[in-house]
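I've put the structures underneath this note.
Presented sequentially are two complexes of chain A, the first with chain B as partner and the second with chain C.
Entry: the complex of A and B
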């Protein structure tokens, strides 16, 4: 399954891109994250939430969208 | 009512809506990049009571985006300075400046006096404090935050909607996410995000349109993309804040912006020969320290007087309360001036320490 992953804020500094398409066989978001942590070890140290179908979802949620968003909290003002 | 004519002729607002605005009370926490545009439009719109809380002073590097201030504001408290500018914009509204830090001790009583709280702060410590105080006092929170070219806007605790903790449950640890003035930001970005925040405030008061409750708007200034992400209310998050209600005021603030600032007591320097003492208070501030080797560089002039700072000695930097000295250290860091220490004690305490160690100091 091909999934588009979008990264916001400081996450793009770890991934080096704002979005990418990943071919991914697994079904749960946490498994996708495990794979991303191997690809980007520093991502593991970052705080973020995950959204699919434009909604924040727990990491144990099954992937049901072609687009996953990784969203960190911002503090700047 | 000529002033509000362009509001009143809108059928969605009219005299009734304008009356609602003039009866409303809004508190803006932080008069910085986000706070400035929010405050300007709220004051112009005729919000009846406008509170501004900020303990910080205006620095030269603020003027790139904090559009209420000018060069004459440098070194002055942001809440007081914002009030002066806004009162000129609209003398018919009541503006209250709180030139102090929002803390666990003063938040609950303060929030109870307002209908809506606007979070324009620059650090997670205060953002979570604001959220929790809004949950406890059942007050609507209009939230905005920025990072480089991107921004987030949301409305929390609105009509039983989710809180900030429902989206981001845990406060990031120090260093997880950059705080305060550690990163760059496109000057107009807080203008865009602050205007969106003000738009939410006005709609809530007027009871018109769609409110960003349970939704986090994510805006990217480079791509012009705007994505709205839904947030569900999480009862356990909200309950745990309410359960902790009685303990709320006993909590202590962690350092706001000083994740890598060396903060030490004056005692560590009193017997040190290789140290330059720098007083970053404005020149008129009391008590003055006399007959002790101190150079005076007001925070507002720091960046233009860097040549006065010793590159060899340790720098012990102090002010009235230990807050501006931290700002000074972070400014000097930016210029790669190392071995700078923010003194925890304020000037009057420092005089006490110096007297005790038998130096020739006269308390003016």
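Entry: the complex of A and C
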């Protein structure tokens, strides 16, 4: 299944991109993250949360969206 | 009259004092209001390791942010007796000394607006996916962390 992964803030400096499409067979977010940690080892040291369908979700959540978003700590205002 | 429609929150660049003044003036026709309260977030020229922050560049996950701003509005109207509420947040570069967040609440009575404003500002800081890149005078940068 093809998933769009989007990165924000400081995470874009780790990945070198704001989004990418990954062909990914697994069904749980943590499995996707394991794959991303291999691709981007420095990502493992960063604090971030994951959102799908505009809601933050725990890493054990099943992927139910075509788009997964990695968000570093919020710093608005 | 409750004014709780979804509105656009993000503005490109700094929020001008003219815009803030005009927002206040627009409420002169809403004569059930007896009290306004306003929060203005201003970019601070922090000094870190002898380097001065000259600006913050804001980015956001806009779709999720708008959903969260809407939820915060709904929660505030539910919790407090507000006549109206406006939230504006900058995107892009805002220089030190300029305004990046403008929250404006109005109610028939004063006590409500003090509580509501704090509730809304704290919720924005906690729940809305906005990211600040602090740019120093030598153009190096670091990522803002909210305290």
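Throughout what follows, the second predicted complex is superposed on the first by the 73 of 77 C-alpha atoms of A that agree within 3 Å, B and C clash if a C-alpha of one lies under 4 Å from a C-alpha of the other, contacts with A are read in each partner's own complex, and residues count from 1 in each chain.
As a convention for this text, contacts are C-beta pairs under 8 Å (C-beta built on N, C-alpha and C of every residue); 3 or more make two chains touch, one makes a residue touch a chain.
These numbers were taken from a predicted model, which means no experiment stands behind them.
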| item | value |
| --- | --- |
| Which of chain B and chain C A:73 touches, first, second, both or neither | both |
| Partner chain(s) touched by A:46 [first = chain B, second = chain C, both, neither] | first |
| Residues of chain A touched, compared between chain B and chain C (which is higher) | B |
| Contacts of A:9 with chain B and chain C, given as first, second, both or neither | both |
| Chain B and chain C contact sites that coincide on chain A, given as residue numbers | 8-10, 51, 54-55, 69, 71-77 |
| Complex contacts: residues of chain C adjacent to chain A | 41, 58-61, 63-64, 67-68, 89, 100-101, 121, 124-133, 143-146 |
| Contact set on chain A toward chain B in their complex | 8-10, 45-47, 49, 51, 54-56, 69, 71-77 |
| Touching residues on chain B, where the partner in the complex is chain A | 30, 32-35, 119-124, 127, 144-148, 150-152, 167-168, 170, 172, 176-180, 183, 185, 190, 216, 218, 227-232 |
| Complex interface listing, chain A residues touching chain C | 6, 8-10, 51, 54-55, 69, 71-77 |
